[in-house]
Amino acid sequence: MEIIALITGFSLILIGLYGILSKRNIIKIIVGFSLFDTGLHVLIVTVGYIKGGTAPILDSVVGTTDVASKIVDPVPQALVLTAIVIGLGVTALMLAYALKMYQAKKSLDISDFKDMKW
Amino acid sequence: MTIYAKLGYTLLGLFIVLNWGFLMGATFRKIGARLAGRYGIPFYQPWLNLLKNISIRTTITHGIMYYIGPVFRLTGGVGLFLFMPMVFTGSPNGLWTNFSFEGDLILILYFQVFGMLGMALGAGQGGHPYSAMGIARGLAQHAAVELPLTLAFLSIAIQFDTFSVYKIVEAQQGGFENWILFTNPFAAATIILAMLGAMGHSPFNLVKAPNEILIGPATEFEGTYLGFMQSAGSILHVMEAVLFMNLVFGGANSWIELIVKTFLIYFWSVFVGMVFPRFKIEQSVTWFFKVPLLLGFLAIIIYSL
Amino acid sequence: MNLISPIYIVAVSLGIAFFMGLLGNKAQRSSYLILLAALLFNTFVSLQWVFGLGSGLVEAMQVYTAGFKPPFSINLLMGLNESVITALINIVGVLGAIYMMSSLKKNGTGSQVVFLILFMSLNVIVLSRDLFNIFVFLEVGSIALAGLIILQKGTNAISAGFKYMLATGIISGILLIGIIFIYRFTGSLNIDSIITANPILKQGAFVSAFLIIIAIVLELKSFPANGWGLDVYEASHPGIGAILSAASATATYFVLYKIVDIAGSQLNYYISIIGVISFVGSNLLALKQENSKRLLGYSSIGQIGLLMIILGFKDILGENTTYVAFGILVSHYLAKAGLFWLSGIVKQKNIKGWAVIRKKPYFLFLMGTFIFALIGFPPFPSFFAKWTLVMDLVNTGNISWVVAILFGSMMEAVYMIRWFGYAIKGENEDIKDFKIDIYKIIPVGIFAVALYVVGYFVAPHTEVGTAINFIPLYFVAAIFILDFLPVIIKNTLAIVGMILYFYNIYPDLDNMRLIFEAIFMVGGILTLIAGYAYKGKRPGFYPVALLMYAGLTAIIEAQTTLQFFFGWEVMTAGSYFLIIRGKRSMPHGLSYMLFSIGGAYALLTGLGMAHVGHASFSMEILNGISYLPYLAYGLLIVGFLSKTAALGLHIWLPGAHGEAESDVSPMVSAILLKAGVFGIVLTLIGMGASNNQYSELAYALGWLGAITALAGNLMAVFQEDAKRLLAYSSIGQLGYIVLGLAMMTHLGWLGGFSYVINHFLYKAVLFLTIGAVVMRVGTHNMYQMGGLIKRMPLAFIAVMIGIIALSGVPPLSGFAGKWLFYNAILEKGWYFQGAIMFFSGGIAFMYLWRLIHTVFLGQLKDNHRNVKEISIWFLIPIYTLLAGIMVYSMKPQWVLQPLGNMIAKWFPEGQLQWVGETAISQYGQWAGSLVAITIMGSFIIVLVLLMLSTRKAHKVKQFDITYSGERPERPETTHVAYNVFEGLYKAMWPATIPLVEAWWNKITEILHNIADVTRRIYSSNGQVYVAHIVLFIIVSYLVIIGG
Amino acid sequence: MSEKDMNDKVNEMLQRSETNVKKAEKTFIHPEDEEREVVAPDGSIIKINPIYDYFSNEKPTEEKPCSGVIEKFLNWARAESIWVLGFGTGCGSIEIPPLVTPRFDMFRFGVQMRPTPRQSNAFIISGYLSVKTLKRVIRTYEQMPSPKYILALGSCTINGGMYYDSYSTINRLDKYIPVDVYIAGCMPRPEALLAGFMKLKELIKEGKGEKANEYARNFDEYKANQKKIIKDWNMPDYNW
Amino acid sequence: MKELINKLSKDFNITDAVYQRPSLTFVTVPKGVAISLVTDLRDYEGYSHFVMMSCVDWIEEGKFQLLYLLHNPETKTDIGVKTFIDRENAEMASAHHLWKQVWTYQRELKEAFGIDFPGSPRVDEDFVVEGWVEMPHMRRDFDTKEYSENTYFPRPGRETNDPATYMRKKLYPNEPITAKKQDNDK
């Protein structure tokens, strides 16, 4: 299960990178970036997951002994939430840029924005 | 010997040198004439020319440097005489050693330029284009002559470990086999060749180059100025010959020997001059950079190894 | 003592940001003020911590969030480093906000909020000790920055911002992966606990640490994966450029500084390598750059690269790391922010367009300050930092690193100085004035002043820096402040100052130093007297002239190598500004500066090598260098030869001296060149003087001197420009001096020193006279002059005596040198060098005659009929110097005897014997004054004779010459002056091909071509930039794994 | 034609020539000799008059010979050292080179050629003299230091010779510069030229070689004659 | 040659053609045509070498006759183009743009005959005679002997014989001298 999640995460990252590098359309690049981000999030969650563990809430079920082996690590989960929020912000700003760029040149092809050379 | 006696001998020596220079100049002309099958000038012609020149009634002046030029020239000649031990008498303060202080070779070498530089300045004030051309050629040729000549002088200085002309002459005493001509043949050969340039006769007479650039630096000079320059020229000719005599041909033990040797040395350049036509400046310069320079290098290499 | 907790920076910033968001666009004026207040508060907080921690009154403070200790919470640390860095960031924040006032106001409250958030996040990045927190605020910061960019007009800015977003997004992704896995392996996100856990043992943890570090390195825009950064620098508002370069880069660099230990020290070396690649690469590529902001971008990247090198070498540098890094960082921070802000004021895209800055001299001063701070000139902090860096690197045997660093610095100097040259002396004449907003000046001015202040306070922090004598520099500063006064007052002040200073220090100097100090100071005073000839204010002349003299005297006084190098660089800067004042001297000033800097770097390395094995920096360490002595002495000699313009390093001299102002030429020729000679003397003494351990070096130096003499004199012969002729002549004369010193014998040194004094005397006379003549006739070309003896007889006499002295014809003083040289050469056995030297002496006659003939003799030109005699203020120093020449000529023993006694200290063998007035050497004797009297006596007798016999001579005029029956038509066609030595040229032209110049040109061309080809990787395509980043990571990883 | 008629005709001609000269007072200035202005380095304007500014515009003065024996001695030296200017003015100059050949060898008489007027004191006007050349001759003659001697070679210098009616050659040299020795013939052979030198030496030794002073004495008259025919007078009155 | 002249006649107003030799022909054209004919000959007919240019004073007709002599290096033939211009205020179109050496010829003609060639470079400068202010000296109405007598101080006592008269007297002492011949000989 962990392996699958890891593979999924890395695959998403690579697919995202591929999208960023190969697609000309800015929107598609942003989509690629989102995929990249998502892959990252999957990775984060995977890292903190413990097989068969429960939610990291200290209640009677979990008990007070062996906590660490019974519950899933809470930190990555907190991290992923933050990362998702930040990813959202970045994506939103990128889309805003895409809008501005389209307004400027009536084009969403990234190779049209190569005015500053060398 | 008191300073007055020394002064007297020096003045006497200067008088002899001046007259010998005139006579030598006349002889040169005479030889040239006889070579061409002519009768030639009378031997006393230079004195007449001098007399005529200083008796010219109208003179002009282009300015102060116009005066100074011939003065520099004559001072250069006289000074060269003063700094040169003339006749070897066995003592560095002998009768005919003038004010030479043992005759420093470097001093003589650099003082040769004194008259030339002054002449260049004097002629320049005249504003004549040919003066400037003549001087430009002269300086270029001087630089070219200087290189082999310096090498040869250095070689002689290495040979005897001294720059003193007196000591160099002293070392050559006792028979002609002690002359540098035989003891240091490469330096001697260099000097004998480079001497042609220093003497300024054809084919190296492009400074004056008569009828090409009129008469070079002297174009604007007349009358007394010319007379002074003629005198200076005579003295300088003798002194050049004396220098080479002291350096290569064993110096002189008496005035007679001096006169014979300087005449022969002078005759060498006259002889070459009679045979070869004038060089262009670049030919002259490159000529000195060929054989004389090579000989000069050899002369140094032999003594530096 | 309780200080405000740094957490309030975050809290207050966030609170105000929300509050401003509430305000909306309605209250723009008040919202801007609130922003400023918030930034000021941040600054205040940081500064109080700086003072608190700096004075040791308080302990470093840990702030824990949510009451837990790490690793269960996020913690902030406010130590001394953090406080300083945050202070720097916040100061840029305040000043940047002031600078961007109109832009921030126009773009509304939103932009102000974003601005505040940006600085808040930068603060947190610095303070936080939690990796994830750092990541979060890096992202927040980049979002905020992108938000600022997007608010601007212009497609370029927008697309640059998008590329920036994309790139930083990917980089953060990489960072995040690293963070996750390091958490996985160490179970902690706290930097300190990760370092303690020492994760290097596990392979996977190493990869994650690598990913984290490489991401931060990429954030620092490492070469070559930095195209996105360059685009932002180029396109965005200069204020944003300043923030990026000063604040953002500083914060990110500090992050790297914090986290670099998580990989142990395994990655340090690679960080250094990346740093050096960045430093050299981006500085090299900047060579072809013409866009000013992009140029600054390249330079920023280079500087950060340098900082990365320092970080990588922190084990070697030890406790000096902070000092060095801080010196470089602060210089870069102040200078780069200042330059970016300046670019917003000047509003010129192309660096050639910066010529407009000439209209506002004080801005030129600011620009010069920033640029010289960037390339590491004293008294700026970077100078001391670079000095320490090089010393420590050399000390640990990292010579190749020093070479790489200095090469990069050299490239940076090339484009920076060139840029400055365009600004100070561009070719475009019709320049428009530019408008200045007053609020934009304030930050720039503050930063410029800050550079000097910081430099002043940084200097004493090196062990040896305390000894630096700042008194001359105070004087320079005072004169600079008084620059509005007229020449006559400033000149008097300068002269009086120099006299007093000279009077003060001369008792402390030994004989050898006294000679040089006398040349520098007496020569300086005399040449300054000529300055009275100028009218008006002559703005900027006196500070730079005095700066040069301050440097010169510092060299003489130097007790330590640092003082020496300090003085050397001050002198270089001063002389550069002096030279560049000439009308057409821009390219020559540039090449002067580059050769000087190159020489200074050689010197620096040499001094570093001398320091090896010694604890002190005293000048004594030059004696008997033990570490690679041949290389060390060789480098020192090369460094000094760059100033004496030896063949190969001479190409700057003719133009620089020839095009300089009339009274500057003697300063830089007769006086400045002696600084190089002084250095060579020191080096040769260090090489063991009469022991002559390194005779091969001396032998090579001797040949170099001889060939320099020949080449210089030969080139002088074919010059048409009077001042260039003299400049080439200086090259030749310096060749003599070098040859004489290289002989390493008593007579050789005597000759060399005799030449040092002589060259000072006659070259000052000649340059002053010719300079004054040039001022009168308005041209440098000799063929356009002529016959001036009638108009300026006094100048003529000066030149005549000068050239006779120079040519070495007896009886004047030049002959002393020649005589000594002949004897020395015979003694040493260097016959061929000697022959070459004397051949060049023969050549010297040619150009000397030409100088005096074509200028003073021959035909007077029509337009010079009414020119006046040269100014009295020039005549005074000229005739003072002439008196010196005459005394030296008439009584050479007065000079040579003390010199001989002095030299006997190092060369006791083979001294000259003096009997009365006669000098006796092993090979001959020379009675200087008797010879002089004899010659003068016969001269006067002959002169009187001739004057008597031609007393009736008729005075004629210039065309009264025999002209083959014609009359001359014009003076121009009658004056033989142009290409006089054509015949010689035909014979010797192969020797005049400027091979050296061609060689340097070729090298320059190759470097520029490399730069031009390589910089094409920045194709401006966002995807390409992302690919660069990915490739950079892969290649780095492979190299590290492989290495 | 009788002698009287001849004289009448000549007088009439001379009269006509004078009126003619008065009538044609036209002068001619070459463009390069016109006044011009140059800008000095300080920006002021300088007026240049190329005809007068460059020259010392003074008249020559008579130089009194020394007295008695000294002058005789000096004259002997002068006579024995005649330096001739190498300036061929007309067809007769071809007769001069043979003098340096072995057959004639003028050197033995103390006569030699000098390339510059400053150093010569004898001037051979060899044959016809066009107005254009006359200008150069005057200039050169005046530049020679006094005492100086003129040898006029060939009939053209005496009365115009075969060019008597040419519009461009002069007829009588002595109207323009004083002549010491005339050597008649068309052309005279080198022997005649040598004889001329001998005559000159005689004159000098007798103290009669004072034509330079005569020139100075009658300077205005000579100058008027010269200026009559040289319309483009672009030199000073006396070339020093 | 003839074909050439015929061909030229179609385009140029050739008023007269003299076939001197197989290799030498003279054609006469009006003033306005001369330069264009010369140009045509140079550019299309191969007469690229300009031999000389001269003038004859036809004082009786009140005309100057100008001659441009051209040479064809291919065929080794010469052609002379003649044209008449008025003697009063003589002026002719300049041909300096065709050959540079024409400058000098035109300068000479300006000095000797007073023919103006507007536009020709340096045409006003002296050619041989310096500072000439009289009538151009090669015009036939300029009396050189009279000028010489008036100007150059003829030496009294000189006997001058007119060679023609003198020789006739000597050889044919009996033949009376006619007035007409005297006129001619003057």
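The first chain written gets the first letter, and so on, giving A, B, C, D and E; residue counts start at 1 in each chain.
Everything below uses one rule, namely that contacts are C-beta pairs under 8 Å (C-beta built on N, C-alpha and C of every residue); 3 or more make two chains touch, one makes a residue touch a chain.
The structure presented is a predicted model; accordingly, all values stated were derived computationally and were not measured.
Asks: Counting hops between chains that touch, how far apart are chain A and chain E?
Replies: Minimal hop count between chain A and chain E: 3.
Asks: Using the touch definition up top, find the fewest steps from chain D to chain E.
Replies: Steps on the shortest route: 1.
Asks: Find the chain most remote from chain C, comparing centres computed as mean CA coordinates.
Replies: Max centre-to-centre separation from chain C belongs to E.
Asks: Please identify the chain with the largest separation between its CA centroid and the CA centroid of chain D.
Replies: Farthest from chain D by mean C-alpha position: A.
Asks: Closest chain to the protein CA centroid?
Replies: Of all chains shown, the one whose C-alpha centroid lies nearest the global centroid is C.
Asks: Counting C-beta pairs in contact, which chain pair has more, C-D or B-C?
Replies: Higher C-beta contact count between the two pairs: B-C.
Asks: Would you kindly tell me how far, in whole Å, the mean C-alpha position of chain C lies from that of chain B?
Replies: Computed from C-alpha means, the inter-chain centre distance equals 54 Å.
Asks: Measure off the straight-line distance from the CA centroid of chain B to the CA centroid of chain E, and report it in whole Å.
Replies: Spacing between the chain centres: roughly 63 Å.
Asks: State, to the nearest whole Å, the distance from the C-alpha centre of chain A to the C-alpha centre of chain C.
Replies: Inter-chain centre distance comes to 50 Å.
Asks: Per the centroid of Cα atoms for each chain, what is the distance between chain A and chain B, given in Å?
Replies: Result: the chain centres lie 99 Å from each other.
Asks: Hey, what residues on chain D touch two or more of the other chains?
Replies: Residues 116, 118, 240 of chain D each touch two or more of the other chains.
Asks: Counting only residues that touch at least 2 other chains, which ones in chain C make the list?
Replies: 954-956, 958-960, 962
Asks: Return all touching chain pairs.
Replies: Going through each pair of chains, those in contact are A-C, B-C, B-D, C-D, D-E.
Asks: If we count contacts the way the header does, which residues on chain C are in touch with chain D in the complex?
Replies: Per the stated touch rule, the residues are 776-779, 862-867, 954-960, 962, 965-971.
Asks: Which chain D residues qualify as touching chain B in the complex?
Replies: Touching chain B: residues 60, 63, 65, 74, 77-78, 80-81, 83, 86, 100-102, 105, 107-108, 110, 112, 114-116, 118-119, 121, 145-147, 212, 240 of chain D.
Asks: With touch defined as at the start, can you tell me which chain A residues reach chain C in the complex?
Replies: 13, 17, 20-21, 26, 29, 33, 36-37, 40, 43-44, 47, 75-76, 79, 82-83, 86, 89-90, 93-94, 96-98, 100-101, 104-105, 110-111, 113-118
Asks: Which residues of chain C touch chain B in the complex?
Replies: Per the stated touch rule, the residues are 787, 789-790, 793, 800, 804, 807-810, 815, 818-819, 822-823, 825-826, 829, 831-832, 834-835, 838-839, 841-843, 845-846, 849-850, 852-853, 856-859, 918, 922-927, 930-931, 934-935, 938-939, 942-943, 945-947, 949-950, 952-956, 958-964, 974-977, 980-981, 983-984, 986-988.
Asks: What part of chain B is in contact with chain C in the complex they form?
Replies: Contact set of chain B toward chain C: 54, 58-65, 67-68, 70-72, 74-75, 78-79, 82-83, 99, 101-102, 104-107, 110-111, 113-114, 116-117, 120-121, 124-129, 132-133, 135-137, 139-140, 142-144, 146-147, 150-151, 154-155, 157-158, 161-164, 214, 219-220, 223-225, 228, 280-282, 285-286, 289, 296-297, 300, 304.
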